[in-house]
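Below you'll find the structures, each written out as structure tokens.
You will see chain A twice below: alongside chain B first, and alongside chain C after that.
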Partner chain A sequence: MSENSTSRKMLSLALLIAGAAGLAAALFMDFSGSGSPVRGPLLILGAVVFLFGLYLFPTVEHHRSIINFIFLFPLLFTFAVTVIIPLLLGVFYSFTDWNGIKFNQFVGFSNYTSMFKDPAFIWSILLTFLFVVFNIILVNLVGFSLALLCTSKLKGVNFFRASYFLPNLIGGIVLGYIWQFAFNNVLVQITAKTMGMQSSILSATNTAFAAIIVVYVWQYAGYIMLIYVTGLTTVPKDVLEASQIDGANAFTTLMKIKIPMIASTITICTFLTLTSAFKQFDVNMALTNGTGSVADFMGSYLTNGTQMLALNIYNTAISKNSYALGQAKAVFFFIVLACVSIIQVRISNSKEVEM
Partner chain B sequence: MKRKVIAVLLASMMAFGLAACGGSNGGNSDAGTSGDAAGDTTESGTSEGSTSASGDTIRLVNGKIEIDAQLKKLAEMYKEETGVTVEIESMGGGIDIQGTLKGYYQAGNMPDIFVNGGATDFGNWEGMLEDMSGEKWASDTDAAYVDEQYGTIGFPYTVEAVGLAYNADILAKAEIDPATLTGPDAIKAAFETLEAKKADLGIDAVVGYCAEATNLYWSTGNHVFANYIDGGLKREDTTYIDMLNDGGKLDEARLTDFANFVALLNQYSDPALLVSGTYDQQILNFASGKYAFVTQGSWIGATMTTTDAEAYSAAGNFKVGMIPYAFQDGMDTILTNSPSWWAVFSEGNKDAAKAFLQWCSEDKAQQVLVEEAGFISPYKSCTYVASDPFAQTIIDYQTAGKTSAWHWLGMKEGLAQNYTGQVFNDFAAGRLDAAGFVKTMQQVVQACYAN
Partner chain C sequence: MEMKKSRKIILTVVGIIVAIYTLFPFYLVVMNTFKNANNIVADPVGFGGVSVSQLMANLSAVVNNSNFNFWYAFGTSAVITILSLVLLALFGGMAAWVICRNKTKWSTVIYMTFIASMIIPFQVVMLPLISTFRDVGQFVGLSLLQSIPGIVFAYCGFGGAMTVFILTGFIKGIPYELEEAAAIDGCSPEGTFFRIIFPLLAPVITTVTILNGMWIWNDYLLPSLMLGQNGKVKTLPVAVQAFVGSYVKQWDLILTAALLAIIPMVIIFIVAQKQIMNGMVEGAIK
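Our next item is the complex of A and B:
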């Protein structure tokens, strides 16, 4: 037994070393810019051999955790490559003067200080908060009303459910351009005939912002409706029947029974709309691309009247070619969103305990 | 049984997926190019053999997607003549080319020749581009991009012009001689005459000027504003662009004259187009003979003869020309330049790339570029004339020496899209008057340069 174990240990160690060497060689080739065709296979082979060596490692105590690690490895690796490493690199670049190609020097916190001195960025933050508030209220109100409609005994309820949900299946960019056409080419014809207004509502900041909200509610309310429909169908029938016998009308039933019974659904929907409205990008970009003027904000004339946070970051990096500044804004955006998400998780968890 | 079949199918799909991934890991440098790029390669075999035969393959990133077919034809001709394969990868139609190129750089997938649109773009690649001042073509043109420090780093391939384009037939009918329109007063008088005769001439509006800010910011913020920077100046005069790049300073007197001229455009433009129109609408209406003037440059000739060909021939294939945006008396130049240049990446296959560019400037290639792609050749030795409606006008101005340069290409990146385009829109919508336009412009441009 002990001899067997020793030979197994030797084999395991040999495999571990060979695998690590393979990995190191492949990575070295990558960083030194070699175009050798064996680089990729060597990397995969090295990883497989290493993991196999790990599996053969003779231990009873840690065997279970080793198996856990091996099974989790592909996912962890992918997560690291696509999320963790870019995140760290992003934070790193936000302290440099990176231009998307190379960086020359570290600039400390100057990207962070200059972004808060820019009235246009402050405006974007405020506008995003305003958009979030409007959307939480409107999307939930519309979604809930549609859900009530779709759980009533109307004819063709399934058809309505499907058609309300449909806008959510169309991508935001496509949808934005369709609505841009509707506003710029169709609505203008109507307003020109009735009111003599020859410019589209997308050309003035206030109305353009309203247009973005309308399109966004139109897109998102169907999705929220589906969640409310699920919530409403879980309300027990016997409670509803009992209230009917007691003589409660439809409104009282709604306020006193249905809404309290789906409180957790409301929490979920509120947070869903909150985070998605924060991240609003595609409809904003397709409809106005941030245009619109603000005559006087913090003493300056702004030309990004409808530009929300995500679009501001994108335009800073891509169209103004300030990658490092855009990256700093993105780090700030990440912190805000992380706070929102943590609060959301806390609240939903405590609700679950109550129930 | 059914379940087993599905399991086998799924397993083979997974295996296939793995194999495909493995293949792209195998050092094939071209696998990173996007799907449509793969379709662009002139010969399907080249992507696989590129590592071994890289000496005979060069890759060109073209920024004018509309001439993709013509460039591929050039690549085929070049392959027949010299055996060197040229892969053409065309981008355009709203793609951020510099952004894509940066991605290519990060991925180690740089093309050998790629497009650059001006000082800011060239600045991105500082020290990475080949100096081509020794090439034969460099002495055959005035339009090359010359950097003070790095020499001739941009190869010009066409000339475009910015001016106030007009419908010659309508002006002739209204008895206006375009040659006399060299000052704001003359232009104003002409606009008034045309406005009065609108019904007789069958036009909807005098000018097709569109200041929409979301999709057409480049027309106002770049091309119309270019006249403030270069209008009436000598080609090498950089007074106003230097002022601008020195923290965003604008000359108030000149800008006020410019604002008054833009106010004229606002006043006589088609109100349906002015604030929320589209490019397609603007060009279609001009091609249909509904406007006497249009605020677009020579590139609309291609649209008029292809996309809008039907409307254009219905309107009698009228003659066109250009007058200067003469916002001050005596301005008699239109703005002509190479709109972008091809540059050679110095870590790429530079000798083959340079040889290809030299070949492009010579007779055979010029014939294709001029006669089929509709380019106006920047090379003095070229004898071909494009069939483009604006070609003759540009050549006339060039031979008369009445051209100014396009120094707006050196403006800070994003200025038009994020700042000035919106100010033109506010002016057009009546939210600003001429004085407000001047004041706002100064403040907004300074804000742009401060960030």
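Our next item is the complex of A and C:
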């Protein structure tokens, strides 16, 4: 037993030293600028060997703490590097003249003031707001109606549910191109025959915006429907039977029993639609890429008639290469979403108290 | 509750009409991959010009297209998704267990940070993320941007919060007595986790894997920024976008590419329909 623990201690110490040496050597090569190709793999190897040595370290009282550290480390490390550090850097960069690689000076709030003087950006904000309002209403109405249909005693309900949900499986980019085909090649033939409309609805700003809403509702209503189905199945059967015995018709049952009883589901679905519609990017990019002319908005001619906020941020930074400005817009985007989330938490909490 | 027969018929008809509407774009894709470019433009809805040999011709044109490189993109997407899902389940389970079973100030802080971070939109971190990955990668001599490990690393970071959130909720419901009994029998803490807790997590790990899998497989923005539009490594959505960008209006090739991108998800959906739909709902309600 003691021999075993001595050899284990030696192995642990050897691994700890080897790991630390590997890490030190790799970092030394980094700082000295040697450019050796082994330094990257050596860094990873050193860290893994070090953690393994730590794991083998023979201690009874601290073993649990060591395991806690090793178990938390991978996720916390990736989380810090991909979310926390970029978030802090991002807020910092939005106050500088950052160009995606380096920054020269602080510019205070000038990124923030200049973005609110840009009519194209204001247009994107208003358009996103409009898009969110339309979708909260339409997605929830359609989703709820489909949920009622799917919880009724019809034949083929399972098929209906699966086919309404199917659009959710496909990524926005692929969907966007499929619908572009449907609008530009199929719908045009129909409208040309029936109404004499020769151009696609994607070519005019207003109808193109409507098209994005149609595609979004088509995709998202099936998902919201599923959540409403789950909510509706929690309504107790005896309550529904009691109301029927008392002579309530289907409409009264819906308004007086079903809807009040799934109020928390309605809150969830409203906020899910809100945040998801607010962040809409893929379909916007694939369907119109934000194009569309606006003759006169705040005294200027716009070419980004269907460009919503997320796409505006992307284009500002990636296409127009204004990284600091794009980052400032993104911080604004984040603040709006954070406020919405806080309101949601408040509402959900107050609902729970009532119940 | 009995329904009148006439109402039943009306509702069924409405249901079928909506189903036709939701499935119509899929019909368009499937139907038109059987046609050549001229027939697609002339008759996009009907059966004019449909032939199996044309489907084969379209498929081979897309698969052998050096710009699209279908199998390579498919493999890249599959490797990225599977690796990310395995690591997220493993690391997420480990972290959630430690957070749940150690009621210290630190575990609460870490948990709250994870929860709060779920409201952070990708747009606010994407630009600094790219520059950080580029700078750190150059400094330590690892290619983080145009590489599969780099993307998997990023997905572990972005998916971590939601994974820990859902798993923690589940672990709370596992009786602590199980772990105490294991400890009395001489089981080490890591043994307790891997032999007792982790197997018990199976149902909730299915949920988490479905949620993360749908997101990672379909994600466009992160891989397009990290890999670049014209880089060597491409995921399926990035490849489709690049392909469409270079072939404006070549609908025979574009729709065949779309079909190839859709098929894997549809097959998985048909096999695991119930789990996917339940998983999506659970993820939303929690």
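Some notes on this structure:
Please note the rule applied: the second predicted complex is superposed on the first by the 280 of 355 C-alpha atoms of A that agree within 3 Å, B and C clash if a C-alpha of one lies under 4 Å from a C-alpha of the other, contacts with A are read in each partner's own complex, and residues count from 1 in each chain.
Keep in mind that, in the parts below, contacts are C-beta pairs under 8 Å (C-beta built on N, C-alpha and C of every residue); 3 or more make two chains touch, one makes a residue touch a chain.
These numbers were taken from a predicted model, which means no experiment stands behind them.
In the superposition on chain A, contact of A:Lys279 is made with chain C only, not with chain B.
Of the two partner chains, both chain B and chain C are touched by A:Pro37. Shared-chain residue A:Ile17: touches no atom of chain B or chain C. Counting the residues of chain A touched by each of chain B and chain C gives the higher count for C. When the two complexes are overlaid on their common chain A, residue A:Ile101 makes contact with chain B and with chain C alike. Of the two partner chains, chain C is the only one touched by A:Tyr314; chain B is not. In the superposed model, A:Asn289 lies in contact with chain B only, and not with chain C. Of the two partner chains, chain B is the only one touched by A:Leu325; chain C is not.
Under the contact criterion defined above, the residues of chain A that touch both chain B in one complex and chain C in the other are 35-41, 43-44, 100-101, 185, 318. Contact residues of chain C toward chain A in the complex are 1, 3, 8, 11-12, 14-15, 18-19, 21-26, 28-29, 32, 40-41, 44-45, 87, 91-92, 94-95, 97-99, 102, 110, 113-114, 117, 119-132, 136, 139-142, 153-154, 156-158, 160-161, 164, 188-190, 193, 214, 217-221, 225, 237, 240-241, 244, 251, 254-255, 258, 261-262, 265-266, 269, 273, 276-277, 280-281, 284-285. Residues 33, 35-41, 43-44, 99-101, 114, 118-120, 180, 184-185, 188, 192, 198-200, 202-204, 287-293, 295, 300-301, 303-305, 315, 318-322, 325 of chain A are the ones that touch chain B when the two sit in their complex.
Within the complex formed with chain C, the chain A residues making contact are 26, 29-30, 35-41, 43-44, 55, 63-64, 67-68, 71-72, 74-76, 78-87, 89-90, 93, 100-101, 146, 149, 152-156, 159-175, 177-179, 181-182, 185-186, 189, 218, 222-223, 226-227, 229-230, 240-241, 244, 268, 272, 279, 281-282, 285-286, 310, 313-314, 317-318, 323, 326-327, 330-331, 333-334, 337-338, 341.
The residues of chain B lying in touch with chain A in their complex are 22, 24-29, 51, 96, 98-99, 102, 105, 108, 120, 124-125, 212-215, 217, 271-272, 274-276, 278, 412-414, 417-423, 425-426, 429, 431, 440, 443-444, 447, 451.
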